[in-house]
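Chains here go by letter, A, B, C and D, matching the order in which they are written, and residues are numbered from 1 within each.
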Amino acid sequence: MTTRLTTKIGSVDGDDIFVRGHNLLDVLDRYDFTEILYLVLVGGLPDKNAKRMMNILLVSAVDHGMTPGAVAARLTLLGAPEGLQAALGAGLLGAGSRYVGAIELAATLLGKTIAERSDWAPDRFEEAAKRIVTDHRARKKSIPGFGHPFHKSIDPRTARMLDVARECGFFSKHCMLAMALSAQASDVFGRPLPLNAQGAKAGIVLDMGLTPAFAKAVTLVGRCGGLLAHLLEEQEQPMSGAIWELIRKASEPEKD
Amino acid sequence: MTTRLTTKIGSVDGDDIFVRGHNLLDVLDRYDFTEILYLVLVGGLPDKNAKRMMNILLVSAVDHGMTPGAVAARLTLLGAPEGLQAALGAGLLGAGSRYVGAIELAATLLGKTIAERSDWAPDRFEEAAKRIVTDHRARKKSIPGFGHPFHKSIDPRTARMLDVARECGFFSKHCMLAMALSAQASDVFGRPLPLNAQGAKAGIVLDMGLTPAFAKAVTLVGRCGGLLAHLLEEQEQPMSGAIWELIRKASEPEKD
Amino acid sequence: MTTRLTTKIGSVDGDDIFVRGHNLLDVLDRYDFTEILYLVLVGGLPDKNAKRMMNILLVSAVDHGMTPGAVAARLTLLGAPEGLQAALGAGLLGAGSRYVGAIELAATLLGKTIAERSDWAPDRFEEAAKRIVTDHRARKKSIPGFGHPFHKSIDPRTARMLDVARECGFFSKHCMLAMALSAQASDVFGRPLPLNAQGAKAGIVLDMGLTPAFAKAVTLVGRCGGLLAHLLEEQEQPMSGAIWELIRKASEPEKD
Amino acid sequence: MTTRLTTKIGSVDGDDIFVRGHNLLDVLDRYDFTEILYLVLVGGLPDKNAKRMMNILLVSAVDHGMTPGAVAARLTLLGAPEGLQAALGAGLLGAGSRYVGAIELAATLLGKTIAERSDWAPDRFEEAAKRIVTDHRARKKSIPGFGHPFHKSIDPRTARMLDVARECGFFSKHCMLAMALSAQASDVFGRPLPLNAQGAKAGIVLDMGLTPAFAKAVTLVGRCGGLLAHLLEEQEQPMSGAIWELIRKASEPEKD
């Protein structure tokens, strides 16, 4: 008996290529990239609302200026100009538990909290949120999806995305819990701790019936676009040499 | 005087995020991901034809079954399940000069050949193609964008993509040269060496007025989608353990 | 006022290169690589015992046959033969919380347990070990550093490394706790759960007065050697094509 | 018939681990890391001279201060503090054709030139060197292994390494060609173009009877040590936040 490796993602059969069971030739010019991304990640095509929401998840992740990832990507291209994919890889490797990857942690927190009980009512959200905030505070841990290094008051993308989520029917338990968390956190810490874009997207993705890992995957695809834009610009108008010089000038060996 | 690092890709200004000069809030729900990808990579929004073509470039790159990259990504997740981005990174790192990355080499070859002279006429394509084929044969090098490990006769995506390119006005010099190359190569080598999907896309991208690096960037974004689909499936239904066992069973230390 | 970036690791001053304050010219032919690795990672040169132990930590990590990392590295080289460093990178990215990277988790567990109280006596180790085992069992989590996919009874490297640790004066609290954990785990689970090489090295590194991160760093340097050996062999005698074929043959699209 | 995957690097057989045919238990405390690295990469143990030279190749590669790789590694750790191996990976990915990886290109150039003819005499080196310099100048390409961004006159490591190479019997044709290249390059370009450390090591490795890929592999292992030292320091005394702030302050969106 031999081990069989079965995948639903895709396959090649002679001259035919299949993606999630669809012949690539049948979908190539019929569905757009957002739909195919949803298809390949989720397993079925999105309806109109899911597609609209998916687009926003992707577009909002594309770029955030000169992030640590964009800088790491550019510095990698400086040393290995022959490998665009490796510079992209270097830029993605920092999408871990902080910044970009926080969306997965936020979604996991929201999902776990909601999954613990089935009888949610508005007052329960407050109670659950208070418990989470108090618990994180006691352990001196930040709550993923809240607060932002630049946007002290509110992340401009958050409000807009939640509005669209409402229109599309994706504002439900998880989004409500996310908002309750923000209110409680600001209350407990005595300063605004707004729901940031990652936290809002985490709630929306779960209210779409999808998973924390999906939330992170979509964010990574979006961010690839921005990182590659930085890299194509770097090829035409390099700035990595100037970045390196800036750092060298600011560096000095520490005297013991 | 201090060094200034200027980028056109994106920036953050207080509560506002800008992508290529557009406030993210203005474009978030207005343009779709394909348009924003084009915007961020190229600098302006695509027209209807460029958008249609761009979609096809992305969709056709999404997946090709259990590629070396998909396997590398899955094996990486086996050892580091906590970092989706690192497994994605491992899957992308093999998108070099062979397979996925061949599109950049093919586009560079087509672009350089066309750029060398301005007075192209149909018979010149044949002549140029013959020269390139003969030269590669003499140096025992394969011509990037031609032939395929699976598709011996014709890559099913090629014909379709060229048809759409014709409809969209993106079938011009570079595509013609690519087709001439295929004809000459098959003639010289005495067996079909069809233009593959990478080669066709290389010609199309150049006939869209874009660059080899853009061709590769678009391919990488598309492939990210497929790799992440493999990884989300791997999280739910792992097969990397079975892959490893398969390899272990087939392995044995070489006796000197 | 400008930000200063100060590092003790190394610097360049005109024609002089410094590593941890030593002029590279003074150490280049005087200390061996193991000593310089210790110097750069820890801050000072190792004494005779620390050097002997450090060597064993490195050598024991070099290779473990056709690991998932070695396979991922080879498959990456298949697609990007031009970038040895990227294939090495792909092979390292799976050194996460399972396999190779488990040493850091094991060391963190041992370190935290020991740090919690200062009055350790032999009977306390048993008690602490029992508590940890019971706790992990209740949470259905495996204990990092114990058990092994191949070595059911005992990891051959473990006993030897602990012997040397004893000779060198590095068998103390953390190693004792590790051994107590193994005994308790085998007892509670009713089958041998031997201290594996990662677990033993975790205890030894802490008893050398060093950190979990150091344990992981040393393991990564050692493993780089093995991964690069696989890659140089792959360049001369490729097997990645055969690996891919093996996987393709065993793959089939899952029928819904 | 089944495909067999045979490797000489290492294997696991029940409780025994083999590296290049040696039982790990037999070599663990007998040979040092430098010897085992040589064994695993080359296939046999080094003699005294090869070991001395190998040590110098490794030690000289460890660190060069705040290189682009060290910065990329630190910035990656900022976003993904949970994955030391991914930050190391990001730091390695830039070891391409420029900086660190130049050693492979230099060795390839020297090796190819020497291989082309068997009847080398001192005056031939000058002639061959002149031809290479003239050819590179005409194509406006830099010669890998010559010149350095910081060290305008001479790389301090070069002279010392060549002295040791002479003592060890590894100063032969390839080193002579490298020195002739430096002399000719300085002559043709009218300014000092000293043989740098990468160029010298390239010549030495070939005169040890080893390959360009080996030269690069050894450099990568050495550099891993330095990158990990930067990362352990970053964990204790982070500077990546300050680096990011420095870049953000110097950044501004480009006005069209």
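Just so we're on the same page, a contact is a pair of C-beta atoms (placed from the backbone, for glycine too) under 8 Å apart; a residue touches a chain by one contact, two chains touch by 3 or more.
Quick caveat, the model's predicted, so the values are computed rather than measured.
Ranked by distance of CA centroids from chain D, the top chain is A.
Rounded to whole angstrom units, the spacing between the C-alpha centres of chain B and chain C is 37. Separating the centre of chain A from that of chain B, both taken as means of CA atoms, is a distance of 24 Å.
Residues of chain D in contact with at least two other chains: 3, 5-8, 10-11, 18, 65-66, 80, 82-83, 85-86, 89-90, 93-96, 100-101, 243, 246-247, 250-251.
Under the stated contact rule, the graph of chain-to-chain touches is complete, every pair of chains being in contact. Note for the complex: chain C touches chain D at residues 3, 5-12, 14-17, 19, 24-25, 27-29, 31-34, 36-37, 40-41, 52, 55-56, 58-60, 62-66, 70, 83-86, 88-90, 92-96, 100-101, 104, 150-151, 153-157, 160-161, 164, 211, 213-214, 216-217, 220-222, 224-226, 228-233, 235, 239, 242-243, 245-246. Residue ranges of chain A in contact with chain D, taken from their complex: 65-66, 68-69, 71-72, 75-83, 86-87, 89-90, 93-101, 240, 243-244, 246-248, 250-251.
Of all the residues in chain B, the ones that touch chain D in their complex are 2-8, 10-11, 13, 18, 21, 80, 82-83, 85-86, 89, 93, 247, 250-254, 256.
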